[in-house]
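Please find one structure pasted underneath; my questions will follow.
Per-chain residue numbering starts at 1, and chain names A, B, C and D are given in the order in which the chains are listed.
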Amino acid sequence: MLLQHAAAGAAHPLSGSTAELLWLLPVLPLLGFIVNGLLSLTPAYHAGPADPSASPGADHFQATGASHHEEGEHAEADHAPVRHRFASIVSIVGPLVLVLSFALAASIFATMLGAGEIHTPFIQRYFSWMPAGDLNIEWAYQLDQLSVVMVLIITGVGTLIHIFSIGYMREDPGYPRYFAYLNLFVSFMLVLVLGASYPVMFIGWEGVGLCSYLLIGFWFSAKANADAGKKAFIVNRIGDFGFLVAIFLMYANLGALDFAGVAERSVQLTAGGSLVTAICLFLFLGCTGKSAQIPLYTWLPDAMAGPTPVSALIHAATMVTAGVYLVARSSFLFSLAPVAGLTVALIGGMTALFAATIGLKQWDIKKVLAYSTVSQLGYMFIAVGVGAYVAGIFHLATHAFFKALLFLGSGSVIYVMHQAYHHTHKHDDAQDMRNMGGLRRFMPVTFVLMWIATLAIAGIPIFAGFFSKDEILGAAFARAHESTLADASLLGVPGSAVLYAVYAMGLIAALLTAIYMTRMMLYTFHGENRTGEAERSHLGEAPWVMTGPLVVLAILSAFGGWLNLPAFFTDVLPVGKTASLDHWLEPVVGESALRITHGSSAHLSASTEYLLVGVAVAVAVTGILIAFARLKPSLLGTRTPAQSRASETGIERILANKYYVDEAYDAAIVNPTVQISRKLLWRGVDVGLIDGLFVNGSAWLARGLGLAGSWAQSGQVGTYAWAIVVGVLAVLGAFTVG
Amino acid sequence: MREFLASLSYNNWILPALLILPLVGVAAIYLVPAPRHAGAATLDDFAGHGTARWITLVTFVAEFVLSLGLWWSFESGSAGWQAVVDRGWISEWGARFTVGIDGISLFMVLLTTLIMPLSVLGGWTSIRTKVRGYYALLLVLTTGMIGVFVALDLLLFYVMWEVMLVPMYFIIGIWGGERRIYASLKFFIYTMVGSLLMLVAILYLWTATGSSTFNYDQILAAASLGDRGITVLGTFLPASLLLFGAFFLAFAVKVPMFPFHTWLPDAHVEAPTAGSVILAAIMLKMGTYGFLRFAMPLFPDAAMTPWVRTTILVLAVIGIVYGALVAMVQPDFKKLIAYSSVSHLGFVMLGIFALTVQSVQGSLMVMINHGISTGALFLLVGMVYERRHTRMIDSYGGIARVMPMFAVFLTVVSLSSIGLPGTNGFIGEFLVLIGSFPSSPYLTIIAATGVIFAAAYLLWAIQRILFNPLDNPENKRLPDLNRRELLIMGVLTVLIVWLGVYPAPVLRRMETSANKFVETVERGASVRPAPRAVSLEGR
Amino acid sequence: MINEALFFSAVLFTIGVVGVLTRRNAIIIFMCVELMLNAVNLTFVAFSKLYGAAGQIFVIFVMTVAAAEAAVGLAIIISIFRHRETVNLQNINLLKG
Amino acid sequence: MGYFYQINFYIFGLLAIASALAFVTRKSPVAAALWLVNTMFCLSALYIMMDAQFIGAIQVLVYAGAIMVVFLFVVMLLNLGHPSDIADMRGTWGKLIAAGIGVVLLAQILVIQRQRLPRIVPDVEAPRNVITGIAQPLFNEYLLAFEVTSVLLLAAIVGAVLLAKRRG
């Protein structure tokens, strides 16, 4: 009953085409993972002696050889730059597997384009995963317009990042282990995106959490990295708890867990009812964990401890967008719960603004990009919150392009800085912007590409960012006017007021984004070089295997906007079809988007639209100019990082220390739980109360009674006389009283 | 395969065979002349242990191969007892030797026969003194455990319950760690107190059926104790409530449920590797099996009285959260795993008392998975204990770089223990939670937070062991796993991944029995089946 | 008359009890017991005035018993004395459990 | 009865109590024994005043005469005359408790006496023939008891002889 056939499988236009090979998409990276895993583990395994308790000191000191199998953990000795024996094989297997997946995805996309109008998802059921009474969860994949877009992004950007990693991780002894994890990640991400029911999606959901744990803590011999990995996993796990509760609610009330079933039964739910709102809010709790929104975002900045391509792939392009995909995928639920929509939009707006402010004062180049990602994710949640699902996915796509480019660009910069420091054995922080400066002359190609990405993210017209961000702000503004969200109210505040506030936050965040991105560019590429005389000679362009993918990404982030050209743009510059992504995703999210805007597609009058676009462009340009005006890289001079930190005061210090949120979480949640469980629960209840009082207590009681008994038989006739007399008194007493 | 087994009339001799084979092993150990090494003062010291070790291993492997037949010969459709053997035993009292299995006990037997050879292999070189006695006790212990799972006669069940208890007392008491006497004594008295009450209850039941039979089915049929009961302090306590209380106490100690769990950490820490593996993997399941087989079907109305059910559910949830929280702060790795078992078993109890098909199947899955993953965890601790002779987490650090294979397996097993989807742990916990949500939403949500704490304490522990900087000189020269240890962990990892990805055959085999269990308890307790449509705030 | 007799016997009996409890010498304890018996005899006699001669017969029996008891008791004391050189009850604890 | 009777009764009663007190407090066993004999004489006087002449006589003959003599005999035999070295009496603490118990006992008995006894009917002159009043029931209803006491005495004698005999 659970997983009815949405559309008769046989009659589906896609059946029989390459779409049948849907299952191969996640399996290919899985094969890559197994091969790389074996390549990393077999050389490192030296069987121990038959009797392990013999004195340790056998000659098994593990000098070299990184090794790993499945999720195992092994590391090289202090990342001594030595190339792993099988590095060459791995660098073929790893990316090759991704290229094949991408090719398969592209061919499936082509068949879908060719197959004309497809209104029903193409569901492939493989085997019954959990048959338990009337709950029968099947291992099934669902292919429809939304999932194919996500698959293309994942495999496309993934392939570019794999190629980049060949260069970036060349000298790392854990090379095969790195590629094994990366492949496993892509495999789980594909399972997440292709899953046809919430539990199958949940497998991918936690799987990617696991891979991010493994990759963040890749160089685990440093405690900070291992801690960052653990923190990421546990915070994600809190989010997954929310996802699980949502699944239970759905099953308990709707009896279905697959998307088709839930969509069909969600009609019975009363719109705006407390049940559907509860389900959506719990789902959103899952999203905040995975996509690093306000309450659970603290793990993302720490996740920068992992290698940079990992940050690019996982913490910019794919995993963190899983939350947006989840909301878009369950649009039929969110459109029924305006209050939930308002919350999502509000939290999205607040996160965008909050993260942008922190980004202003970060000195580590990757931390700036991390907070920028958190901020851009806030934008995506504004979009899907207000019901503009297409805008959300569009921004997701463009963000994947330019944010991956920014991260990989910073990766090349860090790589070059690291090489330079390595030559001169100087142990400065290769990621601190204060040590960079004036790299324009040494890395011209990367410099140009990074500027393209910066302009894109700032929202300068013709670049991808402008189209997607403007569409989100426009959608928020339009829905503030009239939509089911505007009518509803959140905590007493009318919906329209909330949405206007969200629009305002989005605008200010756009301004701040422009400022901190330009600040980053200024400190890294402009002004004179601050790395130091000796290293200067070693600064140069990164090898082509790294800059190649950058170029591709630059093209994508420059012309990404073409995906979904707004109407007003094509009248001016008839470049291509307007709103192609809208038409493409219409069968999946169209119906619920319309439900929010009372059936009419909320088009603002042309004049207001032009006004909004003008405001957005103005904001972007002023942001860049402010940055150029106020921040003089020369001011930095050659001050070392430690010195300049002291000089910040007041608001700057708070921003630099991320509003002390981490410390607050530790003090408020982590430490108290540890202390309570150690002092109160373990010592107090377990050892003290239960053991002390009942168990040992009863033993003490028994011994005490024994002792008292022995005193009575002392052999002294006198004591017996006393006993008798006392007895007599008692008996007489009874008489006198009786 | 099924016809081949039918041809051997497999079903009507397999269960007695499984019980008797270990005893044959014991005889073999003491009869087969061990080679007398020059240095060996007595047969029992290290030199003479070769034969005893191998005989035990061969017996256990034979037992496992034999029991595998059950997997195919078991028809998942029929709800009744299978492979039933019924012989006379003590005719005066009407106690008969009746053994049989159904969907629930099938997996417990298979788990036992699987874990025993692995635990012997695990403790292959760690037992040095009085070796023949040790292996003989292990064999008797197996008979006891399998007996408990297959007994359909209440007296036979009680006898096997005691047969299982005594060897474990000696194993912990003689071959244990420093505080072994205290630990074994505490373990014994804790279980003894509970089981004596149970004996009283069994005898009362025996009289209730006209002192004619101990047979489970007949007692089940006659279990309508009607209005019997005694008034205590003015309140009328029906007999079924008191009897349920007796059974509850005996099994709650074994589970262990929250207030009765303090014996577990001591027993686990002090037991030798094989001892703690068996204790965790199989003996903890006696308690929950007892609830599934005896406590609830025999006294459904008592079990389902609202205040009884809510108290047990609350205790289970406390167990989950309390176990996880306390596990987080344990300095000793074995104690950490012991408290994590309290947490996992809390899930099982939640599933059983939530009384929906999914939650009961979930509990059975958690029982199996906990056996595999916690057994594996204890084996791994044993392996590293043999190398470094310490169980303190802080004395390790960064050993992933010297013991890559150990690191791989510890991570895989930890992930299975915290219930990562794709491993076996997730299937059980997910089914328990999704099954018990309709009947008690708020408790299930609190129980679900247990999932977070599980991740917290285990990841923190394996980080302090595997990942942090490798600074302790002793850790630098630790040898990696040898072939034998690789074999054990390989088998367990395959099981973890197989049960995680494709648990359907296991779930189908237990479905009918879970259904039967839920129906008998609901019919008996005439309680409305768990409300279907419930949500936090209603529709 | 009767009331005073009963009062006297009560006092004598109490003195006997106090004697038994305080003294350590076995023989003196014996004498105290005798005193207690006499007190009881007094009560019997007092009641025999009211309810007829049965009381007095009982006194005769009490006396015989007292005599027997004294004989056996003293024999024991003698045998103990011969063995332990003391009749002080403090250090005679053969009955120790 | 006469007023004279009343006075005598009180005198002898108080004498008995005084000598009992003296008996308890004497250190040496001999002095204690003699005071006990004096108490017994006073008691026999009380018996006679209560028209139990036979019992009074027997008291003097058997109790004072026989049993106390045996006591004195034993005391002399084991020459326990001198006050023993160990403080015969228990510590002050012991005495205090004993006195306390004594008072409580006395209070209880008095309370019982007052409740149970019906109001004493005024004394009725007892018939003169004293002995037959006792002999009649002794040899009719209580014959069996009489015989049993004789057996008891026999057993006591044999026991005493055996116990006190010097081992071979």
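The rule is simple: a contact is a pair of C-beta atoms (placed from the backbone, for glycine too) under 8 Å apart; a residue touches a chain by one contact, two chains touch by 3 or more.
Values in this document were obtained by computation on a predicted structure and should not be read as measured data.
Counting hops only between chains that touch, chain B reaches chain D in a minimum of 2. By number of C-beta pairs in contact, C-D leads when A-D and C-D are compared.
Here B is the chain whose Cα centre lies closest to the centre of all protein Cα atoms. Computed from the mean C-alpha positions, the centre of chain A lies at a distance of 104 Å from the centre of chain D.
Between chain C and chain D the centroid-to-centroid distance comes to 7 Å (mean Cα coordinates, whole Å).
Spacing of chain A relative to chain B, judged by their CA centroids, is 38 angstrom.
Averaging Cα coordinates per chain places chain A and chain C 98 Å apart. Within chain D, contacts with two or more other chains are made by residues 90, 101, 105, 109. Among the residues of chain C, those touching two or more other chains are numbered 17, 21, 24, 90.
Within chain A, the positions touching two or more other chains are listed as 718, 725. Every pair of chains in contact is given here: A-B, A-C, A-D, C-D.
Residue ranges of chain A in contact with chain B, taken from their complex: 41, 44-53, 56-58, 60-62, 67-77, 127-135, 199, 202-203, 205-207, 210, 213, 217, 220-223, 226-227, 229-230, 233-234, 237-238, 240-241, 244-245, 247-249, 251-253, 255, 269-270, 273-275, 278, 673-674, 676-678, 681-682, 685-686, 690-691, 695.
Those residues of chain A whose C-beta lies close enough to touch chain D in the complex are 718, 725-726, 728-729, 732-733, 735-736.
Touching chain A in their complex are the following residues of chain B: 125-126, 186, 190, 259, 261-263, 265, 322, 325-326, 328-330, 356-358, 361-362, 383, 386-389, 398, 400-405, 407-409, 411-412, 415, 420-422, 426-427, 430-431, 433-435, 437-438, 441, 444-445, 448-449, 451-452, 455-456, 459-460, 463, 466-470, 474, 476-486, 501-504, 507-508, 511, 514-515, 532-539.
Chain C makes touch with chain D in their complex at residues 1-8, 10-19, 21-25, 27-28, 30-32, 34-35, 38, 41-42, 45-46, 48-50, 53-54, 56-57, 59-61, 63-72, 74-79, 81-82, 86-88, 90. For chain D in complex with chain C, the residues that touch the partner chain are 1, 6, 9-10, 13, 16-17, 20-21, 23-24, 29, 32-33, 36, 39-40, 43, 46-47, 49-52, 54-55, 58-59, 62-63, 66-68, 70-71, 74-75, 77-78, 80, 84, 86-90, 94-95, 97-99, 101-103, 105-106, 109-110, 113, 117, 120-121, 123, 126, 133-134, 136-138, 142, 145, 149, 152-153, 155-157, 159-164, 166.
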